[in-house]
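In what comes next, chain A is part of two complexes: it sits with chain B in the first one and with chain C in the second one.
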Partner chain A sequence: MKLLVAVKQVAALDEDFAIRADGRDVEPDFLVRDLNEWDEYSLEEAMRIKEAAASPVEVLVVCVGPQDADEALRKCLAKGADRALRVWDEALAGSDPIAIARVLAAVARKEAPELFFAGVQSSDHAFAATGVATAGLLRWPHAAVVAALNYTPGAKTAVVRRELEGGALHEMQIECPAVLTIQLGINAPRYASLRSIKQAAAKPIEVLGLGELGLAPSQVGEAGSAARVRRMYIPDRGRAQMLKGSLEEQAARLAQIIKDAAGSAR
Partner chain B sequence: MSEILLIAEHRQGQLRPVSLELVGAAQAARRSPSERIVVALIAQDAAGLVPSVSVAGVDEIVTVRSPVAEFEPEIYERAVRALIEARRPALVLLAHSVDSFGFAAALAADGSCGFASDIFKIEYDSNGKLVATRGGYGQKVAVEVDFPDKNVIVLAVRSGVFRAPEGSAAPQVAAFQADLGRPRTSSVGFIESSSADDVDMSGAEFILAIGRGIGEQANVERFRELAETLGATLGCSRPVADAGWLPKSRQIGQSGKTASACKLYVAMGISGAIQHLAGMKHVATIVAVNSDAGASIFSVAKYGIVGDLFEVADALEQHFK
Partner chain C sequence: MVDRDAVTRVLFEQFSPAAIGVFYAIAYAAIAAFGFGVYVQIRKYRRGAAAAIRGSLLARCGAMIGTLLSHRTVARRDRPAGEAHRLIFYGFVLLFLGTSTITLDYDIAGPLLGRHFWHGDFYLWFSLVLDIAGVFLSGGLLYMMYRRGWLKPPKLDYARPDRRPGDPDYDRSGYRREDWAFLWTLLLIAFTGYVLEAARLVWLAARPDVWDYRWWSPVGAVLAEALRAAGLTAAAAGTMRLGLWWFHGLLALLFIALIPFGKVKHIFTAAGSLLLRDPQAAQRLPVVPPSQERAGVQYITDLNWKQLLNLDACTKCGRCHEACPARAVGAPLSPRDVILSLREFANRTLESRTLPAAAELDVHGKSPGQVSMETLWACRTCMACVEVCPVAIEHLPLIVQMRRKLVEDGTMEPQLQKTLQAIHKSGNSFGESKRKRPAWTKAVPFPIKDARKESVEVLWFVGDYASFDPRNQKVTQTFAALLQQAGVDFGILYDSESNAGNDVRRVGEEGLYEMLATANIKSLSGASFKSIVTTDPHSYNTIRNEYPDFGGTYAIEHYTTLVLRLLQERRLTPKRKLGLRVTFHDPCHLGRFNKGYDAPRDILRLLGCELVEMGRCRANSFCCGAGGGRIWMPDPVGADRPAHNRMREAAAISGLQVYVVSCPKDLTMFEDALKATGNEGRFVVKELIELIADALRAEEPAVSAVVAA
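Let's look at the complex of A and B:
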């Protein structure tokens, strides 16, 4: 019995950053990396199924990324994942979610999990595409934006609730194996203890290349993508009028703005 | 003749309004006025939805009969794939919405079409190649993408960007036959969000909203007092509701409430994720207080203070006592 959790090491921008010389991405020095927030919830969901199960369940975390993505995988190991697998090849640079999905689908075929979890989206590029593209390649049933899940390991079906616009939920039954994309708030992710963080540092991370998954370089990277980045730029955006001065001066000005605007609102 | 195919969305028998925004997007995206705009209705009772998409700008409505009443990802995926194969549209537009999160990317997975999501701008370069723009790195940059060697391009379009056309029309209606098979998901039912807290965020005219920046649950009380003193309704962003610090009924944003009646919105400790902005960026007077000068909330706010929330709260309260 196996649950696969696909995770991403996301990149946030420093307060100051610069666009790369070729104009197609940000200079990597300005990126601050972390495990994608959504993935904390999908890992937790897998851990809860494992811990409630009557028979052994293996939780496998998988990340497509270069060596520094090991940090994201170690975070998952520290929270209790049983195995961590990273896939990388230089040909993967420039991959969009469709190309990444091709790798994840190859891993899923090899590992044959009962459920495949991914986050609804990533906090950096917010494509909301990788999990469902993987399902498309595997031809597995899938549900996106899952905010509640009821599944017993070994069961032929699971019951999910999709979170809709406005907060209503749509309950669906889904055949397994299935791909589910997990929404924030489905659970309360655990923190890793200092002891488990230390233990995770010593755990092995399996590393695979494209060849071991039966993939050719032309199936990933820009060549294997459904879209190609042409240009990245800092947009002209509206900008708030910043209230200046001492704290007292700022507060006085803010109070006046509130009194003026609330005069009509109250 | 080339065409733009739009995939309409419906739920519990009602067309979702974002479907009509796709017509506006198609009008903005077409290469020439002769390019036809075709709306696909994938539904058990497609005929019943025809009037709701018979709007100005639509040249044709194509109905596809679904074996089920509600959205099932595999039914939509198969129906749209069959439509693409039969009609070879140059461009397929669908909403960047919860339903299309469930199937749009799967369409593109076999490499047969170009695909990009959360698109807010569609244009053509000097060579006539389509260029779509989305946000990147938490919306701090704009990203232009293109689709080399793809004859069909599928774009999931951001809601609230393109305008639904005004006025009705009488486009031709054609039925499209497709074997959609049996879906491996089945709809059980809908659960409306319920809460013991009967606050009406949509009707509130003055909202004080708090976000992750308040730090911990114990601090909610501080801002509840401030809201009371100011005469505001207390709202929040997603992380506060997810953590259970405030009930879900007070969450503003895409999966929460829209601040429909709000005239004054004070955001404290809210960074401004796109999902939150969707529920409040229309408000006439937005004031943001945040410790991070780079927070996205300042791009929609009219006034801003970069500073400590608690200090600002204390100093502000003095003026209302």
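Let's look at the complex of A and C:
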């Protein structure tokens, strides 16, 4: 009995940052890396199934990324995941979500889990496509934006509740194996204590290359992607401005701005 | 003429050998029961983990005897109860020594050495002293009955804030019955002792060696006169004496037999607890050895034997219950109940012949005897409980050790989790970039030395709140100006400083604490300085008391002692007297933790302020509610908060102008509380640093304008 949780090491911008020389990404020095927030929830959901199960359940976390992504996997191991697997090849750089999904689907075929968990989206690139694309490639059923899950290990189906617009919920039954993309708030993720992270450092992380998954370099990276980043940039400043001068001057300026805005709306 | 030297007391007169045999059999049975009880207790303690006891045995012994004889801790904050207990204590000890003297003479020295000393002058003085001891004991007991029955102080109400009426362990009427049984038993023993004495005097009134010396037992003699006046004959008195003799004797033996099984055991456990007292228990939390697999306390057997003994020392006096800020605002925590719960748990599981399975030893949860996480997270680690406990129970390390288990499980408030992750990532609790830590220096009109690059006399450890919180940054900048003005050669660590870790440790995140302490010690060891100063009492506590365990021993002081010296040496000279009516809030980590009570008060006096103390001050200061990581956890909506409670106390001081604090977290907590309690405009909350700066300026500061209204 196995649950697969796909996770991503995401990047957050530090206080000041600069765009890389090629203009297609942020200079890596300015990035603070962490486990994707949605993945904390999907891992927690898998852990809860494992801990409530009567028979042994293996939680496998999988990440596509270079070596520094091990930190995200270690955090998952610290929270109690049984195995961690990282897939990397230089050819993977520049992959779009579909190319990443191709890798994850290959892992899923190899590992044959009962459920495949992914976050609804990643907090850095926010494509919200990887999980669903993986389901498409596997030809497995999927449920996106899952806000509640009821699944007993070994059962043929799971019952999920999905969040719809306007606060409505969508309850559906889904056949396993299935792909679920998990929404924030489905549970309260546990904290990974520093001691447990240190202890997780001693646990192995399996590393696979493309060949071991039966993939060719041409199927991933920019070569295997239908979409590529053209440029990353900071848009010109909006219309917000800081008022300067004495309080009276500021007030007069503010009144003028309001008058101008009201005038144009009329 | 009676030979005075032959005067003594009859013991087994009128007794058949069989009766004496029966008495001895019962006495030995009582001693055996006592011995068995002691064995069970020791077996219970031995089922705990190993304990590291710091300090020399001799010094601890001296401290224990001093505390027992002076009754200092029992009399604190409850003088009448302390005095009554003193009477009971001294009465009981004298009576016990008296009874032991008889045994020594009759059962040991007599049969073995053929010598008797219990006669003559010694016996007469013995009679007198024991009669007076009985008065002490009875007087103390009667007051305690009056206190329980009529005064009914709220701290003796055992109802629990962490349980609801109807819960199996809410009521605790068993404890109340035991309290009363204890008082009545002792009182009956004392009372029957007097009547027995009187009956013996009446019975033997014909014997001059008894009757002529009756006033050496004044209470018994008065009673004897009364009984004779009421018409008691010698023969009737003899019968009465025999009955009372058995009743008194059996009651006393029953008492001895039951000592290890109930409240009475505090005679031994409280003394033991005092003997093992660690004066730094709250200031310096226990380190987790690298070899230890689990950091926290999960099972009752994870408590060390000293902690198990601590549990048994509790007499339910309620001083901690009364002092606890969490309890005061209705949070589900009473330090007393944590101790009593664990004690009930330990007695249920560890007194059995075989140790139950691990699953039955888990102390976390909501079943009777277990401690819930809501209770553990409610603690502010303010040390009020440890400080006031008359029998040296160390609640705080125990609560933190249980929190360590919760942290290992990853169960905690989401907001706390985010803060700890931020501290891990960026070294500060504000989640700001490391690079921004020294941003406050940009508004200071002179360069501040980089202690990493040049040697300084004083290294200023700034701390998180003083570095990042906008309101506190102003105080931080003012303090920099004060140091500059006084010509102090100082510098800071810039972005090589991390959160000091005091509160991280008290949350129970020991791994993160180790990381922070190690990082700061590394930064400090790269700098050259003579001593450290900080405006943050939390940083002050952990660097002073806990960093040495991680290899960093430094001379560190809170800014109040440094500034007091600068004022006394006239390196800082106030230009005018402030003339403000102020009160001072002792920060837990400066006051209770590190006894820094006087320096801030001396400074206020030098500034020409009129200091009006709040009822709860110095060691009894009332926590702002931010300690132990609570500043990173939301308080329940609508509930009272410690800071609000404190503001109401301050507001009761008529004509109060400034509520003075000397801790960055206090400034944040109490400025909020001032608004929330509707006291804005009536008085202001100020850092002591701001008052010092005001006094150094010639012109009127803004404060009097604000307060004049």
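Operating definition for what follows: the second predicted complex is superposed on the first by the 234 of 266 C-alpha atoms of A that agree within 3 Å, B and C clash if a C-alpha of one lies under 4 Å from a C-alpha of the other, contacts with A are read in each partner's own complex, and residues count from 1 in each chain.
Basically, a contact is a pair of C-beta atoms (placed from the backbone, for glycine too) under 8 Å apart; a residue touches a chain by one contact, two chains touch by 3 or more.
In this text the structure is predicted, and so the values were computed from the model without any measurement.
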Which superposed partner A:195 touches (first chain B, second chain C, both, neither): second
Touching partner for A:34 - first (chain B), second (chain C), both, neither: second
Chain B versus chain C as contact partner of A:175, first or second or both or neither: first
Which superposed partner A:132 touches (first chain B, second chain C, both, neither): first
Chain B versus chain C, judged by how many residues of chain A each one touches: B
Partner chain in contact with A:15 - chain B first, chain C second, else both or neither: both
Partner chain(s) touched by A:109 [first = chain B, second = chain C, both, neither]: neither
Touched partner set for A:228, first chain B, second chain C, both or neither: first
Partner chain(s) touched by A:79 [first = chain B, second = chain C, both, neither]: second
Contacts on chain A seen with chain B and repeated with chain C across the two complexes: 15, 188
Parts of chain A lying in touch with chain B, wherever the complex brings them together: 11-13, 15, 17, 19, 26, 96-98, 101-102, 120, 123-137, 141-145, 159, 161-175, 178, 181, 183-185, 188, 224, 226-235, 237-243, 247-248, 250-252, 254-255, 257-258, 261-262, 264-266
Touching residues on chain B, where the partner in the complex is chain A: 11, 16, 70-74, 77, 96-98, 101-111, 113-118, 131-132, 135-138, 140-148, 150, 156, 183-193, 205-206, 230-232, 238-239, 241-244, 248, 251, 254-258, 262-264, 266, 274, 284-289, 292-294, 298-307, 311-312, 315-316, 318-320
Partner chain A, residues of chain C touching it in the complex: 288, 295, 407-412, 414, 417, 420-421, 424-426, 432-433, 435-436, 509-512, 514-515
Chain C contact footprint on chain A (complex, rising order): 14-15, 32, 34, 79, 188-198
